[in-house]
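You will see two complexes here that share chain A, one where it goes with chain B and one where it goes with chain C.
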Partner chain A sequence: MTQTIDTTIYAAVSEAIQAEAKRILTAGEVTAVVGYAAARRKGSAQPIVITSAVDAQKLIFTPACVNNLAVYLTKAKKEIPKSGRIGIVVKGCDLKALVGLMGESQLKREQLYLIGVPCAGVLASTIQPDTGLTSDSIAPKCLECDAHLPQGCDFVPTQTPVSPELEKKYAAEIARLEALTPQERWAYWKEQFSKCIKCYACRQVCPFCFCEQCLCDRNKPQMVDTTPRPAGNTAWHIVRAMHLAGRCAGCAECERVCPMDIPLNLLNRKMAKELKELYDYEAGFQVNDKGPLNSYTEKDDQSFIK
Partner chain B sequence: MSRIGVFVCHCGENISRTVDVERVAAQVGKMPGVAFATDYKYMCSDPGQTLLKKTIQEQKLSHVVVAACSPRMHEKTFRKAVEAAGLNPYLCEMANIREHCSWVHEDKQEATAKAIEIVGMLVERVKKNRVLPTITVPVTKRSLVIGGGIAGIQAALDIADAGHHVVLVERDPSIGGHMAQLSETFPTLDCSQCIMTPKMVDVANHPNITLYSYSEIEQVDGYIGNFQVTIRRKARSVDEDKCTGCGVCMEKCPVKKIPNKFDCNLGMRPAIYVPFPQAVPNTPVIDRDNCIKFKTGKCGLCQKVCGPGAVDYEQEDRLVVEPVGAIVVATGFDLYTIDEKPKGSMIKGYGEFGHGKIPDVIDGMTFERLASASGPTGGKILRPSDGKEPKQIVFIQCIGSRAREKGISYCSKVCCMYTAKHTMLYHHKVHDGQAYVFFMDARTPGKAYDEFWRRSIEEEEAVYIRGMVSRLYQKGDKIVVMGSDIAVGVQVEIEADMVVLATAIQPRTGADSLAQKLGISYDKYNFYSEAHAKLRPVECATAGIYLVGACQGPKDIPDTVSQASAAAAKVMTLFAKDKLEREPIVARVKEAGCVGCFACKKVCAYGAVEEKEIRDRQGNLIKVVAYVNPGVCGGCGTCQATCPSKSVELDGYTDEQIVAMIEAL
Partner chain C sequence: MGKTEGCKGLTKKYLPLVLTPKEFKFLFFSKVFVSSVLSVLSVANKGFRMQKYITEQNLNTLLDKLIAEGKRVVAPRMNAGTPLYEPLKNSGEIIIDQLPRRSGKEAFFPLCEDIMSYTKEGQKVELKDIDPSRFPETVLVGVRPCDAAAIPVLDAVFSWDYKDEFFLERRKKTTIVGLACTKADDACFCTAVGLSPSDTKGSDLFLTPLEGGGYACETFSDKGETLINSHAGLFSEPNNAKTVALAEPGTEAFDLQKVKAWLDEHFEDPAWDSIATRCVGCGACAFVCPACHCFDIVDEGTEKSGKRRKNWDACGFWKFTHHASGHNPRDQQPKRYRNRIMHKFKYYDDKFGQTLCTGCGRCIRLCPVGIDIAAIVEEISKK
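After this line comes the complex of A and B, so read on.
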C-alpha cells in the first residue's frame, strides 16, 4: 500500500537554510557554503557552491536534493576546504560520510560549519524530480534511515521531520540472498557484476574513494584488470566493497549513479551488517581514530582461525 | 639483463629423496634470466658455500636463488655468503623446496614439478629485488625478565652480574615462584628454601636489578634492542619505600582466616599479608577482596598501627614504561586442576579421583607444603581432614600427563622424581608408615636420578605398583584405592589414609594472552615455542625474546637453572654490541600516491609512521603524507596491507615482487 510522506516542512527548512547561510557568509564565519539549488528541469535540484551572501537565497531543500555533498570537500574539489572554513548543508546520511572523513584525516571539524537538514527522505534515482514523496517514490536508503535529524551540527532548523515506519528493502533483500546457497549467491553477483561497464561513476561519487591514485588504476603491478570483463569487474567490485567495509554508512550514491543498475549499496549494507554482528560497530556516528578492522582486541571473534 | 644463479640443494636426502634435484636444476637453467643452475648435496656446508661464492665471481651473477630449506633456517647463511662474494645480500632469495615440498609430498614426479614451480616463482621475484643498505640501530642495554621464580631469578642475577640493568617483573606479591613452596629438592634432598632464599635476597640487594613485584605486563612495543614495555604495578595499598617489613599490621589485622594460596590453602593468612615469612620484597599487600576497610569502609587498623605510615588505601594501579633491549620470559607453570573442566578447554579432568571432594586426596604441591618445615603443619605429615598422621599413603603418578584421552599427551618430566622424593620424606617423618606408588613407568634420566629412585624402593621401603588406578572413594575415614598391578596381573585394593596425585605441569593461565602481547608463538597447550628445538632452544622466533623454564615445557630445577644462564648468555651476546645491524626490510611510502589518511599510522605496532609535510618552493603546504622511520619500522608489513591506495611498500616484499611470483605460476 502506498503511503504518502509529509514533506511540508521542506519549505520552512529551505528558508532557515537561506537565512543561516546569509548570516554566516555576512559575518565572515565561512568563506563558502556548499548546498543545493534549483536546476533547470521542474522540481529538480543540483549542488551549488556559494561564496557571497547575496546568493544565499538560491539555496533550497526539496525531495530532489539527493546528492551527498561531502564529495565536494574531497578529491577534485580539494581547493574548496583550503579557502577557509566551509559551510555545508548535510542530511543525516551525508553527515555520516563527513564523520568518516574526519576519522580518516581528510577533514577537520573546525574547518566546517555544519547546517543539518531535518529530512523525511528524498526521491529515488528512477523517479522524475517533480513527483511527490511516497513510500514508492522514496529512495530505498531512506526506508532504513536512522538519522532523519542530524546530530552534532552547528545549526539545524527547528522543524521535525515526520518519518513513518516503512518496509526495509535492503534488509529484506539481504535476507533473501543469505538464504541462498553459496553457488546461487555467486551466480547472482556474477550476473550483477557482468553488467559493469567500468565507467567508475561509483568511484567518482563516493566520498570515501578519496585516493588521488586508485590502486585499480595502477599498472605496476596491475592489481585489477581495467577492461570491462568478468574477472576485472568482479575484482573491482570486491575491492570496492572491502575498502568500504566499516567506513560506508549508506549514502547510496554509488547505487544512484550506476548506469547499469548494479545494486552496489546492497553489497555495502551486507558488509555493514557483518561489522555490526562481528564488532557491534556502525559507521558514521562518531569520529573514530581506528575502525574495528584496523584494531585488535582480545575480544575479537577468532573463530575463523580454528 | 639478469644473470641469476640457481643452486639446488639435496639436503642430504631430505630433498633429493622426493625431488629430482638434477631435473629441477636443468629445467630452471632454461628459464629466462637464469645464467647458471646446478645442484649440490649440502649447500649450507663449507664446500657448498664456496661453490656459491666461486660461481658468483666466475659467472658474474647478478642475483642468486638457493633452492633448499626454509629461509628461517638458512637465509642468513646464504646472504652472508653472497655478501662475501661481493653482491648485496638482499639480491639472494631462498626457494623453500624442503618444508614446502619434499617433506610434505611422496610422489616424486609431482613433487619435482612443484619444486620447479617454487624455484620459478623465486627466480621471477629475485629479478625485482633491489639493493638494500643495511640499517643499524642502537641497542638499549637493559633487559626485562618476566617471572620471578627460580628461572627468572637466575637469569636476572646472571645478566645483572654482567653489569647490565635488569627489570624483573613478578605477578605475585613476592618472588620465589614454585621453588619457594617446595620442601626438599631431588636428587640431593637439600632444603629448597635454604638454596632459594639467598638468591631472592641477592635479587633484592643487587644494584643492577629493579624489582617490580605484584606487577604485570600491560603492553610491549618495539623490537630487538629497542622494546618499550608498559608494566602495570598493581595497587599494593602499602608504600614499598616506607614499609620496614616489621609485620605489626599483619599481627593486628582482625581478618585472619583467609586460606593462603602459598600453603595450597592449608594455612591461613590475614587480609594484609606477605605470602610467606621469607618473602622478597618483605612488604605486605592488602587483599582488597577480603579487607574490611575495602568492603565496609570501617576498620583501618593496619594504617593506625603502621609506624612509618606506609599503609595507603588510596593507592591505585600505576603504569610504568621501561625501555629494554631484550626480554627473558620465565613465567613458569600451573598444576593441572583435576576436578575442574575449564570451559572450552581440551582438558577433561579426573572426576573419578574425587579431588576437591575427598579432603585427603591432595596434589603433589600440597604434600610439599605439609612436608615443609615452614609449612602449615611445621613439617609434620598430617591429614587435612582430621590432622591425624596417615599410616598408609598412596601416590598416583601421571595424573593428566601422558593421558591422551584426558587431553594431555606430554610427560610432565618431574613427577617420577618428586614422587620418589615424597616417599622418602614420608618415610623419614612417619617411621611406621607405608607408602605405595602406582606408576606407568619410572622416567629417571638425569645425573644421580635413577640412583635416587632406586633408593626410594630399596632403602626407604616404598612399594611401587606398576598399573593405574581406576577409582577412589571414601569409606569411613579411609580412602579406598582401586587399581591394577599389571606386573602380577591382579586387581589391587588399598585402604589408604591419604592419597597424593602427581598432577601434570601446565603453562600458566593467561600464558596465551602474554604471548600475544609479546608477539611470540605457542603450542596447543600454550607452552611457548622456541626458535629451533635443538639448535636455538632458548630463543624465540621473535628476535630479542628468550625463554626460560617451564613456560617452554615441563622442566626440573637443574634444567631450568641451566636454561636461565643460557638465556642470560644470549642477552649478554646481544648487549656486547653497541649497534645492531638489522635487516633493511622496512616500509617505504610512495608520496605521490599517499592521500594522508594515516590508516598506516593507526595500525603501526612500532610507532614508526610520522606525518610529513610536502611544500612547494614558496613554502606553501601541498599535502601531508605518511613517512616511515626506517630505524623504528619492524618490517611487519601491516601498513602495506592497510593502505587503501597501495602507497606503502615493504622493501623485499613489494607488490611487484609478490605479483611476479603469482604470475610465474
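After this line comes the complex of A and C, so read on.
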C-alpha cells in the first residue's frame, strides 16, 4: 500500500537554511556555502556553491534535493575553493560521510559549518522531480533511515520530520540474495554488471572515492580492464565494494546515479552488514582514526584462519 | 589550446603532438584502414516515397520473420529492469512505450568492440583483423525521432577524413524504422533544436501510430522500400485513420545561431564556472547521448595474446585530455564541461554544419548533479 510522506516542513526548513546561510556569509563566518538550488525542470534541484549573502535566497530543501554534497568538499573536487571555513547543507545520511572523511583526515571539523536538515526523505533516482514523496517514490535508502535529524551540527532548523515506519528494501533484498546458491547469486550479479557502461558516475559522486588518481585510471600496470566488458566490469565493482568496506555509511549516491540501474548499494550494505557482525562496527557515527579493516585487536574474529 | 579544442578526432587533426599514451600506442601500431565512401549514407529525407499501413500484429509478424531470416532486429527491450535498444529474440520482447535509457547509436557504434587481435610466440607476431563484412544485416526498429536524427549527424564524423569501416559497414547494413513519439516529459527538447516528435530525419521507414490501432508507414529511402516490398503481404494501403496525439515537448526553440555566436567569442568566460562547478566528471551524459561519439582504443590481454578494443570515451573524464607528460590542458571540470557545450553547439557546426544535439533529454534526466543542458543553452541564448 502506498503511504504518503509528509514533507510540509520543507518550506520552513528552506527558509531557515536561507536565513542561516545569509547570516554566516554576512558575518564572514564562512567563505562559501554548498547547498541546493531550484533548477529549470518543475520541482527539480541541483547543487550550488554560493559565496555571497545575496545568493542565500537561492537555497532550498525539497524532496528533489537528493545529492550528498559532501563530495564537493573532498580533494577530488578541485573546483571548490577550500580556503577558510565552508558551510554545507547536510542531511543525516550525508553527515555520516563527513564524519568518515574527518576520520580519514580529509576534513577538519573546525573548517566546516554544518547546516543540518530535518529530513523525512528524498526521491528515488529516475523519478520525475515534481513527484510527491510516497513510500513508492522515496529513495530506498530513506526506508531504513536512522538519521532524520542530523546530530552535532552547527545549526539545525527547529522543525521535526514525520517519518512513518516503512518496509526496508535493502534488508529484504540482501536476505533474498543470501538465500540463493553461490551460482544463482553469481548469475544475478553477472546480469547486473553486464549493464555497466563504465561511465564511473558511481565513483565520481562517492565522497570516499577521493583518490587523486583512481587505481582504475592507471595503466602502468593496467590493474583493471577499462572496457565495459564482463572482466573489467566485475573487477571494477568488486574493487569498489572492497575499497568502501568499513567506510561507506550508506548515502547510496552510487546506486542513485547509476544510469543503468545497477543496485550498487546492495554490495555496500552487505559489506556493512559483515562489518557489523564481525567487528560490531558501523561507519559514520563517530570520528575514528582507524576502521576495523586497518587496525588489529586480539578480539578480532580469527575464524578465517584454517 | 584556444579554438582548436574539440573531440579527440579534431584534436588529432590540429595537434598531432597532443596524444595520450594510448592514442600514441594506437597511432604507432594501427594499420591504415582503407574503406570506400558509401553512397548509401546519403539518405535524402525530402518527403516520403511510399505510403502504407501496418497493423500492430503484422508489425510483430514482420519482426519475427526478419529474425527467422537471420537478420539482427534491434529494438527497445528490457534488460534486467532497464529499457535498452538490443537484439530481440522474438517480437514479444519489444517495448514501445518507453524511451530506452541509452540511444540507438550503439547499433553502429557499440559500447565496446574488438577491432584486431594479436598473438606473440617468441619473435613471431601475428595480427588478425576483424572482418566487417561479417557484420549482420540489421533492422533497427522503434527508434525515437531524437535517436534516428542523430544517425546522419554521426555519419558526418565517421565518414570524414578517416572512414571508420566498423561504423560504416554496420550503417550500410542497417535499415532504420523510426517511430513517432507520443510521450514527452520536461527534459525532452527536440523541438528546441529544430526537430519534432514526428521528425523523419534518419529513418528509412517511419511509423506513426494511428487512432484505432496500427501504424501509418512512410518510406524515405531504397532501404525502407525494400523492407516493405520484401514483406508486402503484411502491409496494406493507407487508411484514413487519424494520427494519435503526438508528444508536445514544452521547451521553446533555441536561437542556435545566437548561441553559436556567443560561443564563438566566449571560450574564456566566468559563466563556465557557474555552469559547471557542480559537474563531478563522470561520463553518464556522453554515454547516454545519441550524438556523442568519442572513443578510446586499448589493448587488453597478455604479452602472448590479446585484443585491440574500441570503446566509448567521454570528454567529462579527467583522463580524456591527460597527456603523457602529465600535463592536462583541461585541468578543471568547467573546462571539460565547456568542451561538451562547445563541441555540440559550435565545433560540430563549424566543421559539419550540424548541431551535435537532438534534444532527447537523456543527459538531463540522468546527470548525477542535475546539470540541464537545455537550461544552459537557453541561458546562453539570452546573453
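One rule holds in what follows: the second predicted complex is superposed on the first by the 301 of 306 C-alpha atoms of A that agree within 3 Å, B and C clash if a C-alpha of one lies under 4 Å from a C-alpha of the other, contacts with A are read in each partner's own complex, and residues count from 1 in each chain.
The working rule: a contact is a pair of C-beta atoms (placed from the backbone, for glycine too) under 8 Å apart; a residue touches a chain by one contact, two chains touch by 3 or more.
Model, not experiment: these values are computed from the prediction.
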Check: Clash or fit: how do chain B and chain C relate after the overlay on chain A?
Finding: fit
Item checked: Vertex chain A, arms to chain B and chain C (CA centres, degrees, nearest 10) -> 120
Item checked: Contacts of A:Thr126 with chain B and chain C, given as first, second, both or neither -> second
Check: Between chain B (first) and chain C (second), which, if any, makes contact with A:Lys290: first, second, both or neither?
Finding: first
Note to self: A:Met223 in the overlay: touching chain B, chain C, both, or neither? Say first, second, both or neither.
What the structure shows: first
Next item on the list: Answer with first, second, both or neither: which of chain B and chain C does A:Ala45 touch in the superposed model?
Entry: second
Next item on the list: Pick one for A:Asp261: touches chain B only (first), chain C only (second), both, or neither.
Entry: second
Checklist line | chain B versus chain C as contact partner of A:Glu191, first or second or both or neither | finding: second
Margin query: For A:Lys273 in the superposed arrangement: first (chain B), second (chain C), both or neither?
Written below: neither
Next item on the list: Look at A:Asn67 in the shared chain and tell me whether it touches chain B only, chain C only, both, or neither; answer first, second, both or neither.
Entry: second
Next item on the list: Specify the partner with more touching residues on chain A, choosing between chain B and chain C.
Entry: C
Margin query: Quick check: superposed on A, how many Å separate the nearest Cα atoms of chain B and chain C?
Written below: 7
Next item on the list: Could you pull out which residues of chain A sit against chain B in one structure and against chain C in the other?
Entry: 222
Item checked: Sites on chain A touched by chain C in the complex -> 39-42, 44-49, 67, 71-72, 77-80, 126, 128, 191-192, 194-195, 197-201, 203-205, 217, 219, 222, 225-229, 232, 253, 256-257, 259-261
Check: Which of the residues in chain A end up touching chain B in this complex?
Finding: 104-106, 210-215, 218, 220-223, 243, 289-290, 294-295, 298
Checklist line | In the complex, chain C residues that touch chain A | finding: 21-22, 79-82, 84, 101-102, 111-112, 185-187, 273, 277-278, 280-284, 286-288, 296, 298, 300, 309, 311-312, 314, 317-319, 331-334, 364-366, 368-372, 374-375, 378
Next item on the list: Would you tell me which residues of chain B are touching chain A in their complex?
Entry: 513, 516, 592-593, 595-599, 602-603, 624, 642, 644-647, 655-656, 659-660
